[in-house]
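One chain, chain A, links the two complexes that follow: it is found with chain B in the first and with chain C in the second.
Presenting the complex of A and B:
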(Lines of atoms letter the chains of each structure in order from A and count residues from 1; the text may use other names and numbers.)
(Lines give C-alpha, C1' and ligand atoms only; values in the text may rest on other atoms or scores of the structure.)
Protein backbone atom coordinates (compact mmCIF):
# COMPACT_ATOMS: atom_id res chain seq x y z
CA UNK A 1 0.00 0.00 0.00
CA UNK A 2 2.85 2.38 0.77
CA UNK A 3 3.98 2.30 -2.89
CA UNK A 4 0.49 3.35 -4.12
CA UNK A 5 0.28 6.63 -2.16
CA UNK A 6 2.27 9.22 -4.08
CA UNK A 7 1.96 12.97 -3.74
CA UNK A 8 1.00 14.70 -7.02
CA UNK A 9 3.84 17.08 -7.73
CA UNK A 10 4.43 19.90 -10.27
CA UNK A 11 5.95 18.88 -13.59
CA UNK A 12 9.67 19.00 -13.83
CA UNK A 13 10.87 22.49 -14.67
CA UNK A 14 7.77 24.06 -13.04
CA UNK A 15 4.41 25.17 -14.44
CA UNK A 16 4.15 27.24 -17.58
CA UNK A 17 3.61 30.97 -17.00
CA UNK A 18 -0.09 31.97 -16.76
CA UNK A 19 -1.08 33.69 -19.97
CA UNK A 20 -3.02 36.79 -19.00
CA UNK A 21 -2.26 39.27 -21.79
CA UNK A 22 -5.37 40.80 -23.47
CA UNK A 23 -6.10 39.74 -27.03
CA UNK A 24 -7.96 42.62 -28.71
CA UNK A 25 -10.69 41.78 -31.29
CA UNK A 26 -9.72 42.19 -34.87
CA UNK A 27 -10.80 45.63 -36.15
CA UNK A 28 -12.00 46.01 -39.73
CA UNK A 29 -12.67 49.76 -39.75
CA UNK A 30 -11.17 52.61 -37.92
CA UNK A 31 -13.17 55.58 -36.57
CA UNK A 32 -13.15 57.90 -39.59
CA UNK A 33 -14.11 55.02 -41.90
CA UNK A 34 -17.11 54.19 -39.69
CA UNK A 35 -18.34 57.80 -39.72
CA UNK A 36 -17.84 58.14 -43.45
CA UNK A 37 -19.58 54.82 -44.01
CA UNK A 38 -22.52 55.98 -41.91
CA UNK A 39 -22.92 59.08 -44.04
CA UNK A 40 -22.53 57.12 -47.25
CA UNK A 41 -25.14 54.51 -46.36
CA UNK A 42 -27.54 57.20 -45.15
CA UNK A 43 -27.15 59.09 -48.41
CA UNK A 44 -27.84 55.92 -50.39
CA UNK A 45 -30.94 55.17 -48.30
CA UNK A 46 -32.17 58.73 -48.77
CA UNK A 47 -31.91 58.29 -52.50
CA UNK A 48 -33.87 55.03 -52.34
CA UNK A 49 -36.46 56.71 -50.12
CA UNK A 50 -36.76 59.51 -52.64
CA UNK A 51 -37.36 57.04 -55.45
CA UNK A 52 -40.09 55.30 -53.44
CA UNK A 53 -41.67 58.58 -52.39
CA UNK A 54 -41.79 59.85 -55.96
CA UNK A 55 -43.44 56.67 -57.15
CA UNK A 56 -46.06 56.85 -54.38
CA UNK A 57 -46.75 60.48 -55.28
CA UNK A 58 -47.25 59.52 -58.90
CA UNK A 59 -49.66 56.75 -57.95
CA UNK A 60 -51.65 59.02 -55.69
CA UNK A 61 -51.85 61.64 -58.39
CA UNK A 62 -53.21 59.09 -60.78
CA UNK A 63 -55.75 57.82 -58.26
CA UNK A 64 -56.87 61.35 -57.45
CA UNK A 65 -57.29 62.15 -61.12
CA UNK A 66 -59.39 59.04 -61.56
CA UNK A 67 -61.54 60.05 -58.60
CA UNK A 68 -62.04 63.55 -59.98
CA UNK A 69 -62.99 62.10 -63.33
CA UNK A 70 -65.46 59.63 -61.79
CA UNK A 71 -67.04 61.96 -59.24
CA UNK A 72 -69.48 63.82 -61.55
CA UNK A 73 -70.61 60.52 -63.01
CA UNK A 74 -71.30 58.97 -59.61
CA UNK A 75 -72.99 62.14 -58.40
CA UNK A 76 -75.24 62.23 -61.43
CA UNK A 77 -76.12 58.57 -60.96
CA UNK A 78 -76.98 59.20 -57.35
CA UNK A 79 -79.16 62.19 -58.21
CA UNK A 80 -80.89 60.21 -60.91
CA UNK A 81 -81.63 57.38 -58.53
CA UNK A 82 -82.88 59.92 -55.98
CA UNK A 83 -85.35 61.45 -58.42
CA UNK A 84 -86.54 58.04 -59.57
CA UNK A 85 -87.07 56.99 -55.97
CA UNK A 86 -89.10 60.16 -55.32
CA UNK A 87 -91.39 59.15 -58.17
CA UNK A 88 -91.62 55.59 -56.86
CA UNK A 89 -92.45 56.97 -53.41
CA UNK A 90 -95.20 59.13 -54.86
CA UNK A 91 -96.71 56.18 -56.72
CA UNK A 92 -96.45 54.01 -53.62
CA UNK A 93 -98.20 56.67 -51.57
CA UNK A 94 -100.97 56.94 -54.15
CA UNK A 95 -101.41 53.18 -54.07
CA UNK A 96 -101.24 52.96 -50.29
CA UNK A 97 -103.65 55.77 -49.42
CA UNK A 98 -106.24 55.26 -52.14
CA UNK A 99 -108.79 54.01 -49.62
CA UNK A 100 -108.17 56.78 -47.09
CA UNK A 101 -110.88 59.43 -47.35
CA UNK A 102 -109.73 62.96 -48.08
CA UNK A 103 -106.10 62.05 -48.59
CA UNK A 104 -104.25 63.80 -51.38
CA UNK A 105 -100.79 62.67 -52.44
CA UNK A 106 -98.05 64.96 -51.19
CA UNK A 107 -100.28 66.69 -48.65
CA UNK A 108 -101.74 66.00 -45.24
CA UNK A 109 -105.46 65.48 -46.00
CA UNK A 110 -105.32 68.20 -48.64
CA UNK A 111 -103.25 70.50 -46.47
CA UNK A 112 -99.98 71.24 -48.30
CA UNK A 113 -96.67 71.06 -46.49
CA UNK A 114 -95.79 74.66 -47.39
CA UNK A 115 -98.36 77.32 -48.13
CA UNK A 116 -96.32 79.90 -49.98
CA UNK A 117 -93.88 77.94 -52.12
CA UNK A 118 -94.90 77.34 -55.77
CA UNK A 119 -96.52 74.02 -56.61
CA UNK A 120 -93.70 72.79 -58.83
CA UNK A 121 -91.00 73.30 -56.20
CA UNK A 122 -89.15 70.15 -55.22
CA UNK A 123 -89.61 69.70 -51.48
CA UNK A 124 -86.79 67.42 -50.49
CA UNK A 125 -87.91 64.67 -48.16
CA UNK A 126 -86.30 63.93 -44.86
CA UNK A 127 -84.69 60.57 -44.22
CA UNK A 128 -87.79 59.10 -42.61
CA UNK A 129 -90.00 60.35 -45.42
CA UNK A 130 -87.72 58.95 -48.08
CA UNK A 131 -87.81 55.50 -46.50
CA UNK A 132 -91.43 55.52 -45.35
CA UNK A 133 -92.52 52.92 -47.90
CA UNK A 134 -89.37 50.85 -47.56
CA UNK A 135 -88.65 47.80 -45.52
CA UNK A 136 -86.86 48.36 -42.24
CA UNK A 137 -83.91 46.39 -43.60
CA UNK A 138 -83.26 48.98 -46.33
CA UNK A 139 -83.67 51.79 -43.83
CA UNK A 140 -81.18 50.23 -41.42
CA UNK A 141 -78.73 49.47 -44.21
CA UNK A 142 -78.55 53.11 -45.25
CA UNK A 143 -78.26 54.21 -41.63
CA UNK A 144 -75.44 51.78 -40.92
CA UNK A 145 -73.68 53.01 -44.03
CA UNK A 146 -73.86 56.54 -42.69
CA UNK A 147 -72.73 55.57 -39.21
CA UNK A 148 -69.96 53.17 -40.06
CA UNK A 149 -68.29 54.98 -42.93
CA UNK B 1 -83.39 82.81 -26.39
CA UNK B 2 -86.89 83.73 -27.41
CA UNK B 3 -88.16 84.85 -24.03
CA UNK B 4 -87.95 88.51 -24.77
CA UNK B 5 -91.46 89.99 -24.55
CA UNK B 6 -92.10 88.27 -21.24
CA UNK B 7 -88.68 88.24 -19.72
CA UNK B 8 -86.18 90.76 -20.91
CA UNK B 9 -82.70 91.48 -19.63
CA UNK B 10 -79.40 92.55 -21.16
CA UNK B 11 -78.50 88.88 -21.42
CA UNK B 12 -81.56 87.94 -23.47
CA UNK B 13 -80.87 90.91 -25.70
CA UNK B 14 -77.29 89.82 -26.13
CA UNK B 15 -77.91 86.12 -26.72
CA UNK B 16 -81.21 86.36 -28.59
CA UNK B 17 -79.55 86.78 -31.95
CA UNK B 18 -76.83 84.17 -31.56
CA UNK B 19 -78.61 81.09 -32.82
CA UNK B 20 -80.67 81.34 -35.97
CA UNK B 21 -81.35 79.40 -39.13
CA UNK B 22 -78.97 81.66 -40.98
CA UNK B 23 -76.16 79.46 -39.72
CA UNK B 24 -77.31 76.46 -41.68
CA UNK B 25 -79.06 76.53 -44.98
CA UNK B 26 -82.31 74.59 -44.97
CA UNK B 27 -84.68 77.26 -43.64
CA UNK B 28 -82.51 80.35 -43.99
CA UNK B 29 -84.54 81.76 -46.85
CA UNK B 30 -87.89 81.29 -45.12
CA UNK B 31 -86.59 82.77 -41.90
CA UNK B 32 -85.39 85.86 -43.73
CA UNK B 33 -88.77 86.27 -45.40
CA UNK B 34 -90.56 86.01 -42.05
CA UNK B 35 -88.24 88.54 -40.46
CA UNK B 36 -88.61 90.95 -43.36
CA UNK B 37 -92.38 90.68 -43.12
CA UNK B 38 -92.43 91.15 -39.36
CA UNK B 39 -90.12 94.11 -39.69
CA UNK B 40 -92.48 95.69 -42.19
CA UNK B 41 -95.71 95.13 -40.22
CA UNK B 42 -94.61 94.92 -36.62
CA UNK B 43 -95.42 92.10 -34.23
CA UNK B 44 -99.17 92.44 -33.76
CA UNK B 45 -100.21 93.19 -37.33
CA UNK B 46 -97.47 90.93 -38.62
CA UNK B 47 -98.98 87.95 -36.85
CA UNK B 48 -102.00 88.26 -39.13
CA UNK B 49 -100.30 89.49 -42.28
CA UNK B 50 -97.38 87.10 -42.19
CA UNK B 51 -99.36 84.08 -41.04
CA UNK B 52 -98.53 81.93 -44.07
CA UNK B 53 -94.86 82.80 -44.00
CA UNK B 54 -94.64 82.07 -40.29
CA UNK B 55 -96.45 78.76 -40.73
CA UNK B 56 -94.10 77.80 -43.55
CA UNK B 57 -91.07 78.68 -41.48
CA UNK B 58 -92.35 76.74 -38.51
CA UNK B 59 -93.05 73.76 -40.74
CA UNK B 60 -89.57 73.98 -42.20
CA UNK B 61 -87.97 74.14 -38.77
CA UNK B 62 -90.27 71.74 -36.93
CA UNK B 63 -91.46 69.45 -39.76
CA UNK B 64 -94.74 68.77 -38.00
CA UNK B 65 -96.94 68.21 -41.07
CA UNK B 66 -94.33 65.96 -42.62
CA UNK B 67 -94.04 63.88 -39.49
CA UNK B 68 -97.81 63.59 -39.25
CA UNK B 69 -97.88 62.44 -42.87
CA UNK B 70 -95.25 59.81 -42.19
CA UNK B 71 -97.06 58.54 -39.12
CA UNK B 72 -100.36 58.41 -40.99
CA UNK B 73 -98.86 56.45 -43.87
CA UNK B 74 -97.10 54.04 -41.54
CA UNK B 75 -100.27 53.40 -39.58
CA UNK B 76 -102.23 52.83 -42.78
CA UNK B 77 -99.63 50.36 -43.99
CA UNK B 78 -99.66 48.50 -40.69
CA UNK B 79 -103.44 48.39 -40.74
CA UNK B 80 -103.47 47.03 -44.29
CA UNK B 81 -100.87 44.40 -43.43
CA UNK B 82 -102.84 43.37 -40.37
CA UNK B 83 -106.11 43.18 -42.27
CA UNK B 84 -104.52 41.08 -44.99
CA UNK B 85 -104.98 43.63 -47.78
CA UNK B 86 -101.26 43.52 -48.39
CA UNK B 87 -99.22 40.38 -48.76
CA UNK B 88 -95.66 40.04 -47.64
CA UNK B 89 -94.40 40.60 -51.20
CA UNK B 90 -96.06 43.93 -51.96
CA UNK B 91 -96.07 45.50 -48.53
CA UNK B 92 -92.80 47.39 -49.09
CA UNK B 93 -91.06 48.88 -52.09
CA UNK B 94 -87.34 48.34 -52.62
CA UNK B 95 -85.09 51.34 -52.00
CA UNK B 96 -81.48 51.42 -53.12
CA UNK B 97 -78.94 52.34 -50.50
CA UNK B 98 -76.99 55.00 -52.38
CA UNK B 99 -79.91 57.14 -53.49
CA UNK B 100 -80.36 59.35 -50.46
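Presenting the complex of A and C:
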Protein backbone atom coordinates (compact mmCIF):
# COMPACT_ATOMS: atom_id res chain seq x y z
CA UNK A 1 0.00 0.00 0.00
CA UNK A 2 2.85 2.32 0.74
CA UNK A 3 3.74 2.59 -2.96
CA UNK A 4 0.25 3.83 -3.78
CA UNK A 5 0.49 6.91 -1.57
CA UNK A 6 1.59 10.04 -3.36
CA UNK A 7 1.86 13.28 -1.43
CA UNK A 8 0.75 16.56 -3.05
CA UNK A 9 3.87 18.56 -3.54
CA UNK A 10 4.47 22.22 -4.49
CA UNK A 11 4.87 22.92 -8.18
CA UNK A 12 8.34 22.90 -9.50
CA UNK A 13 9.95 26.21 -8.76
CA UNK A 14 7.77 26.78 -5.68
CA UNK A 15 4.50 28.64 -5.05
CA UNK A 16 3.94 32.15 -6.32
CA UNK A 17 4.43 34.84 -3.70
CA UNK A 18 1.23 35.77 -1.82
CA UNK A 19 -0.02 39.09 -3.09
CA UNK A 20 -0.83 41.21 -0.10
CA UNK A 21 0.14 44.72 -1.17
CA UNK A 22 -2.71 47.30 -0.93
CA UNK A 23 -3.79 48.97 -4.15
CA UNK A 24 -5.47 52.30 -3.25
CA UNK A 25 -8.36 53.53 -5.43
CA UNK A 26 -7.55 56.20 -7.89
CA UNK A 27 -8.09 59.66 -6.33
CA UNK A 28 -9.61 62.40 -8.45
CA UNK A 29 -9.68 65.13 -5.79
CA UNK A 30 -7.59 65.68 -2.76
CA UNK A 31 -9.04 66.76 0.60
CA UNK A 32 -8.93 70.55 0.26
CA UNK A 33 -10.42 70.36 -3.23
CA UNK A 34 -13.34 68.27 -1.91
CA UNK A 35 -14.06 70.67 0.93
CA UNK A 36 -13.78 73.74 -1.25
CA UNK A 37 -15.89 72.07 -3.91
CA UNK A 38 -18.57 71.28 -1.32
CA UNK A 39 -18.74 74.90 -0.27
CA UNK A 40 -18.67 76.11 -3.85
CA UNK A 41 -21.49 73.88 -5.02
CA UNK A 42 -23.53 74.68 -1.90
CA UNK A 43 -23.08 78.39 -2.48
CA UNK A 44 -24.10 78.01 -6.11
CA UNK A 45 -27.20 76.03 -5.29
CA UNK A 46 -28.12 78.45 -2.52
CA UNK A 47 -28.06 81.21 -5.10
CA UNK A 48 -30.26 79.20 -7.46
CA UNK A 49 -32.61 78.44 -4.58
CA UNK A 50 -32.77 82.14 -3.77
CA UNK A 51 -33.67 83.00 -7.35
CA UNK A 52 -36.45 80.41 -7.37
CA UNK A 53 -37.69 81.49 -3.96
CA UNK A 54 -37.77 85.14 -4.96
CA UNK A 55 -39.72 84.39 -8.10
CA UNK A 56 -42.27 82.31 -6.16
CA UNK A 57 -42.64 85.11 -3.61
CA UNK A 58 -43.17 87.57 -6.43
CA UNK A 59 -45.89 85.41 -7.97
CA UNK A 60 -47.66 84.99 -4.67
CA UNK A 61 -47.45 88.72 -4.02
CA UNK A 62 -49.02 89.35 -7.40
CA UNK A 63 -51.86 86.92 -6.69
CA UNK A 64 -52.47 88.52 -3.31
CA UNK A 65 -52.36 91.97 -4.83
CA UNK A 66 -55.03 91.05 -7.36
CA UNK A 67 -57.18 89.61 -4.57
CA UNK A 68 -56.85 92.77 -2.52
CA UNK A 69 -57.81 94.88 -5.52
CA UNK A 70 -61.02 92.86 -5.94
CA UNK A 71 -61.82 92.49 -2.25
CA UNK A 72 -63.89 95.70 -1.82
CA UNK A 73 -66.03 94.84 -4.83
CA UNK A 74 -66.72 91.31 -3.61
CA UNK A 75 -67.26 92.43 -0.02
CA UNK A 76 -69.78 95.10 -1.07
CA UNK A 77 -71.77 92.55 -3.04
CA UNK A 78 -71.55 90.02 -0.24
CA UNK A 79 -72.72 92.55 2.37
CA UNK A 80 -75.80 93.44 0.39
CA UNK A 81 -76.75 89.82 -0.14
CA UNK A 82 -76.01 89.03 3.50
CA UNK A 83 -78.33 91.75 4.79
CA UNK A 84 -81.07 90.66 2.40
CA UNK A 85 -80.74 87.12 3.71
CA UNK A 86 -80.86 88.30 7.33
CA UNK A 87 -84.16 90.01 6.60
CA UNK A 88 -85.47 86.90 4.86
CA UNK A 89 -84.46 84.79 7.86
CA UNK A 90 -86.24 87.12 10.24
CA UNK A 91 -89.38 87.09 8.10
CA UNK A 92 -89.22 83.30 7.86
CA UNK A 93 -88.95 82.97 11.62
CA UNK A 94 -91.86 85.32 12.12
CA UNK A 95 -93.96 83.31 9.69
CA UNK A 96 -92.92 79.99 11.24
CA UNK A 97 -93.66 81.02 14.83
CA UNK A 98 -96.80 83.07 14.24
CA UNK A 99 -99.01 80.49 15.99
CA UNK A 100 -96.85 80.30 19.10
CA UNK A 101 -98.27 82.56 21.76
CA UNK A 102 -95.86 85.09 23.25
CA UNK A 103 -93.07 84.36 20.77
CA UNK A 104 -91.01 87.33 19.70
CA UNK A 105 -88.60 87.10 16.78
CA UNK A 106 -84.96 86.85 17.76
CA UNK A 107 -85.73 86.31 21.43
CA UNK A 108 -86.85 83.45 23.65
CA UNK A 109 -90.44 84.46 24.51
CA UNK A 110 -89.38 88.07 24.73
CA UNK A 111 -86.13 87.40 26.56
CA UNK A 112 -83.27 88.66 24.41
CA UNK A 113 -80.12 86.63 23.84
CA UNK A 114 -77.84 89.63 24.33
CA UNK A 115 -78.89 91.92 27.18
CA UNK A 116 -75.95 94.28 27.63
CA UNK A 117 -75.60 95.52 24.04
CA UNK A 118 -77.76 98.29 22.53
CA UNK A 119 -80.89 96.94 20.88
CA UNK A 120 -79.86 97.98 17.38
CA UNK A 121 -76.53 96.12 17.45
CA UNK A 122 -76.09 93.67 14.59
CA UNK A 123 -74.80 90.43 16.07
CA UNK A 124 -73.71 88.31 13.16
CA UNK A 125 -75.33 84.88 13.45
CA UNK A 126 -73.33 81.68 13.36
CA UNK A 127 -73.60 79.35 10.37
CA UNK A 128 -76.12 77.16 12.15
CA UNK A 129 -78.41 80.12 12.83
CA UNK A 130 -77.91 81.66 9.43
CA UNK A 131 -78.83 78.45 7.60
CA UNK A 132 -81.54 77.33 10.02
CA UNK A 133 -84.35 77.76 7.48
CA UNK A 134 -82.27 76.41 4.59
CA UNK A 135 -81.63 72.92 3.30
CA UNK A 136 -79.15 70.95 5.41
CA UNK A 137 -77.05 70.25 2.33
CA UNK A 138 -76.46 73.94 1.74
CA UNK A 139 -75.47 74.41 5.36
CA UNK A 140 -73.05 71.47 5.23
CA UNK A 141 -71.50 72.79 2.05
CA UNK A 142 -70.97 76.23 3.56
CA UNK A 143 -69.55 74.84 6.78
CA UNK A 144 -67.25 72.56 4.84
CA UNK A 145 -65.96 75.53 2.85
CA UNK A 146 -65.51 77.67 5.93
CA UNK A 147 -63.72 75.09 8.02
CA UNK A 148 -61.46 73.63 5.37
CA UNK A 149 -60.38 76.77 3.57
CA UNK B 1 -81.26 84.16 15.96
CA UNK B 2 -80.10 87.36 17.58
CA UNK B 3 -81.76 89.56 14.94
CA UNK B 4 -84.85 91.00 16.61
CA UNK B 5 -87.57 93.40 15.51
CA UNK B 6 -85.51 96.24 17.00
CA UNK B 7 -82.55 95.50 14.73
CA UNK B 8 -82.77 97.90 11.82
CA UNK B 9 -82.19 96.05 8.57
CA UNK B 10 -82.30 97.77 5.19
CA UNK B 11 -85.11 96.73 2.90
CA UNK B 12 -84.70 94.65 -0.23
CA UNK B 13 -85.13 97.72 -2.48
CA UNK B 14 -82.40 99.68 -0.70
CA UNK B 15 -79.97 96.85 -1.29
CA UNK B 16 -80.80 96.01 -4.88
CA UNK B 17 -78.42 97.52 -7.40
CA UNK B 18 -77.00 96.19 -10.62
CA UNK B 19 -74.25 93.74 -9.70
CA UNK B 20 -71.15 92.88 -11.67
CA UNK B 21 -72.08 89.90 -13.78
CA UNK B 22 -68.59 88.56 -14.48
CA UNK B 23 -66.82 85.30 -13.76
CA UNK B 24 -63.65 84.81 -11.75
CA UNK B 25 -61.06 84.93 -14.56
CA UNK B 26 -62.71 88.05 -15.98
CA UNK B 27 -62.54 89.83 -12.63
CA UNK B 28 -58.95 88.71 -12.16
CA UNK B 29 -57.95 89.94 -15.57
CA UNK B 30 -59.23 93.42 -14.80
CA UNK B 31 -58.18 93.45 -11.14
CA UNK B 32 -55.10 95.66 -11.36
CA UNK B 33 -56.63 98.32 -13.58
CA UNK B 34 -59.87 98.21 -11.61
CA UNK B 35 -57.95 98.75 -8.40
CA UNK B 36 -56.25 101.83 -9.86
CA UNK B 37 -59.39 103.23 -11.43
CA UNK B 38 -61.58 102.80 -8.32
CA UNK B 39 -58.88 103.29 -5.71
CA UNK B 40 -60.67 106.09 -3.86
CA UNK B 41 -64.03 104.31 -3.69
CA UNK B 42 -62.42 101.04 -2.63
CA UNK B 43 -60.38 102.67 0.12
CA UNK B 44 -63.37 104.64 1.31
CA UNK B 45 -65.51 101.51 1.55
CA UNK B 46 -62.88 99.42 3.27
CA UNK B 47 -62.11 102.24 5.71
CA UNK B 48 -65.79 102.53 6.60
CA UNK B 49 -66.17 98.79 6.90
CA UNK B 50 -63.14 98.40 9.16
CA UNK B 51 -63.86 101.47 11.27
CA UNK B 52 -67.51 100.76 11.96
CA UNK B 53 -67.47 96.96 11.56
CA UNK B 54 -71.12 97.00 10.53
CA UNK B 55 -72.34 96.24 6.99
CA UNK B 56 -75.49 98.32 7.54
CA UNK B 57 -73.56 101.56 7.89
CA UNK B 58 -71.53 101.24 4.69
CA UNK B 59 -74.26 100.58 2.13
CA UNK B 60 -73.75 103.82 0.22
CA UNK B 61 -69.98 103.32 0.07
CA UNK B 62 -70.51 99.75 -1.13
CA UNK B 63 -72.88 100.92 -3.85
CA UNK B 64 -70.28 103.46 -4.95
CA UNK B 65 -67.72 100.66 -5.24
CA UNK B 66 -70.01 98.55 -7.40
CA UNK B 67 -71.01 101.56 -9.52
CA UNK B 68 -67.37 102.48 -10.13
CA UNK B 69 -66.48 98.89 -11.04
CA UNK B 70 -69.44 98.74 -13.44
CA UNK B 71 -68.28 101.93 -15.13
CA UNK B 72 -64.76 100.54 -15.36
CA UNK B 73 -65.88 97.34 -17.06
CA UNK B 74 -68.12 99.35 -19.39
CA UNK B 75 -65.05 101.32 -20.39
CA UNK B 76 -63.12 98.10 -20.98
CA UNK B 77 -65.95 96.71 -23.06
CA UNK B 78 -66.14 99.89 -25.12
CA UNK B 79 -62.53 100.12 -26.22
CA UNK B 80 -60.60 96.99 -25.28
CA UNK B 81 -63.13 94.20 -25.58
CA UNK B 82 -61.01 92.05 -27.88
CA UNK B 83 -57.78 92.39 -25.92
CA UNK B 84 -59.63 91.86 -22.66
CA UNK B 85 -61.43 88.70 -23.73
CA UNK B 86 -58.20 87.34 -25.15
CA UNK B 87 -56.50 87.87 -21.81
CA UNK B 88 -59.43 86.38 -19.89
CA UNK B 89 -59.38 83.34 -22.12
CA UNK B 90 -55.65 82.92 -21.53
CA UNK B 91 -56.00 83.24 -17.75
CA UNK B 92 -58.89 80.81 -17.72
CA UNK B 93 -57.37 78.08 -19.85
CA UNK B 94 -53.60 78.25 -19.46
CA UNK B 95 -53.28 77.01 -15.90
CA UNK B 96 -55.30 75.40 -13.14
CA UNK B 97 -55.07 78.39 -10.80
CA UNK B 98 -55.46 81.36 -13.15
CA UNK B 99 -51.77 82.07 -12.94
CA UNK B 100 -50.62 85.46 -14.19
CA UNK B 101 -47.14 84.31 -15.15
CA UNK B 102 -48.23 82.23 -18.14
CA UNK B 103 -50.19 85.07 -19.75
CA UNK B 104 -47.67 87.87 -19.98
CA UNK B 105 -48.03 88.33 -23.73
CA UNK B 106 -51.81 88.77 -23.77
CA UNK B 107 -51.48 90.86 -20.62
CA UNK B 108 -49.06 93.22 -22.33
CA UNK B 109 -51.52 93.68 -25.20
CA UNK B 110 -54.35 94.46 -22.78
CA UNK B 111 -52.16 96.81 -20.75
CA UNK B 112 -51.17 98.72 -23.84
CA UNK B 113 -54.80 99.12 -24.88
CA UNK B 114 -55.78 100.43 -21.43
CA UNK B 115 -52.84 102.81 -21.41
CA UNK B 116 -53.55 104.15 -24.88
CA UNK B 117 -57.29 104.58 -24.45
CA UNK B 118 -57.78 105.52 -20.81
CA UNK B 119 -54.28 106.33 -19.57
CA UNK B 120 -54.59 103.68 -16.84
CA UNK B 121 -51.18 102.19 -16.25
CA UNK B 122 -50.82 98.76 -14.72
CA UNK B 123 -49.22 99.20 -11.27
CA UNK B 124 -46.27 97.10 -10.19
CA UNK B 125 -47.19 93.62 -9.03
CA UNK B 126 -47.32 94.29 -5.28
CA UNK B 127 -49.06 97.66 -5.39
CA UNK B 128 -52.27 96.64 -3.61
CA UNK B 129 -50.46 94.89 -0.80
CA UNK B 130 -48.77 98.11 0.26
CA UNK B 131 -49.97 100.25 3.12
CA UNK B 132 -51.26 103.56 1.85
CA UNK B 133 -52.47 106.85 3.25
CA UNK B 134 -56.07 107.56 2.28
CA UNK B 135 -57.28 111.16 2.36
CA UNK B 136 -60.96 111.26 3.24
CA UNK B 137 -63.69 113.57 4.53
CA UNK B 138 -65.26 110.86 6.69
CA UNK B 139 -65.54 111.87 10.34
CA UNK B 140 -63.51 109.79 12.72
CA UNK B 141 -65.76 107.48 14.73
CA UNK B 142 -66.05 108.17 18.44
CA UNK B 143 -64.06 105.76 20.57
CA UNK B 144 -66.19 103.49 22.70
CA UNK B 145 -66.77 105.14 26.11
CA UNK B 146 -65.94 103.16 29.25
CA UNK B 147 -68.83 100.99 30.41
CA UNK B 148 -70.86 102.43 33.28
CA UNK B 149 -72.72 99.96 35.48
CA UNK B 150 -75.82 101.26 37.24
CA UNK B 151 -75.60 98.86 40.18
CA UNK B 152 -71.85 99.00 40.71
CA UNK B 153 -70.68 99.16 44.34
CA UNK B 154 -69.97 102.81 45.16
CA UNK B 155 -66.35 103.45 46.09
CA UNK B 156 -65.07 105.46 49.07
CA UNK B 157 -65.25 109.24 48.73
CA UNK B 158 -61.87 110.76 47.84
CA UNK B 159 -61.51 112.46 51.21
CA UNK B 160 -62.31 109.34 53.24
CA UNK B 161 -60.26 108.93 56.39
CA UNK B 162 -57.58 106.23 55.99
CA UNK B 163 -56.77 104.65 59.34
CA UNK B 164 -53.49 102.85 59.89
CA UNK B 165 -53.70 99.07 59.54
CA UNK B 166 -54.99 97.47 62.69
CA UNK B 167 -52.62 94.47 62.68
CA UNK B 168 -49.73 95.95 60.71
CA UNK B 169 -48.61 94.94 57.29
CA UNK B 170 -49.30 91.55 55.77
CA UNK B 171 -45.65 91.55 54.73
CA UNK B 172 -44.41 92.22 58.24
CA UNK B 173 -41.06 90.59 57.56
CA UNK B 174 -40.36 93.02 54.74
CA UNK B 175 -41.52 96.37 56.06
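The rule is simple: the second predicted complex is superposed on the first by the 81 of 149 C-alpha atoms of A that agree within 3 Å, B and C clash if a C-alpha of one lies under 4 Å from a C-alpha of the other, contacts with A are read in each partner's own complex, and residues count from 1 in each chain.
Assume a residue touches a chain if its C-beta (ideal position, glycine included) is under 8 Å from a C-beta of that chain, and two chains touch if they have at least 3 such contacts.
These numbers come from a predicted model, not from an experiment.
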| item | value |
| --- | --- |
| Chain B versus chain C as contact partner of A:69, first or second or both or neither | second |
| Partner chain in contact with A:93 - chain B first, chain C second, else both or neither | both |
| First, second, both or neither for A:82, with chain B first and chain C second | both |
| Chain B versus chain C as contact partner of A:104, first or second or both or neither | second |
| Contacts of A:127 with chain B and chain C, given as first, second, both or neither | first |
| Partner chain in contact with A:114 - chain B first, chain C second, else both or neither | both |
| Intersection of the chain A residues that touch chain B with those that touch chain C | 81-82, 84, 89, 93, 107, 113-114, 125, 129-130, 132 |
| In the complex, chain B residues that touch chain A | 52-53, 55-56, 59-60, 63, 65-70, 72-74, 76-77, 80, 92-100 |
| Parts of chain A lying in touch with chain B, wherever the complex brings them together | 78, 81-82, 84-85, 88-89, 92-93, 96-97, 100, 103, 107-108, 111, 113-117, 125-135, 138-139, 141-142, 145 |
| Residues of chain A touching chain C in the complex | 58-59, 61-73, 75-77, 79-84, 86-87, 89-90, 93, 104-107, 112-114, 119-123, 125, 129-130, 132 |
| Chain C - residues contacting chain A, complex | 1-12, 15-17, 19-20, 27-28, 31-32, 34-35, 38, 41-42, 45-46, 49, 54-56, 58-59, 61-63, 65-66, 69, 99-101, 125-129 |
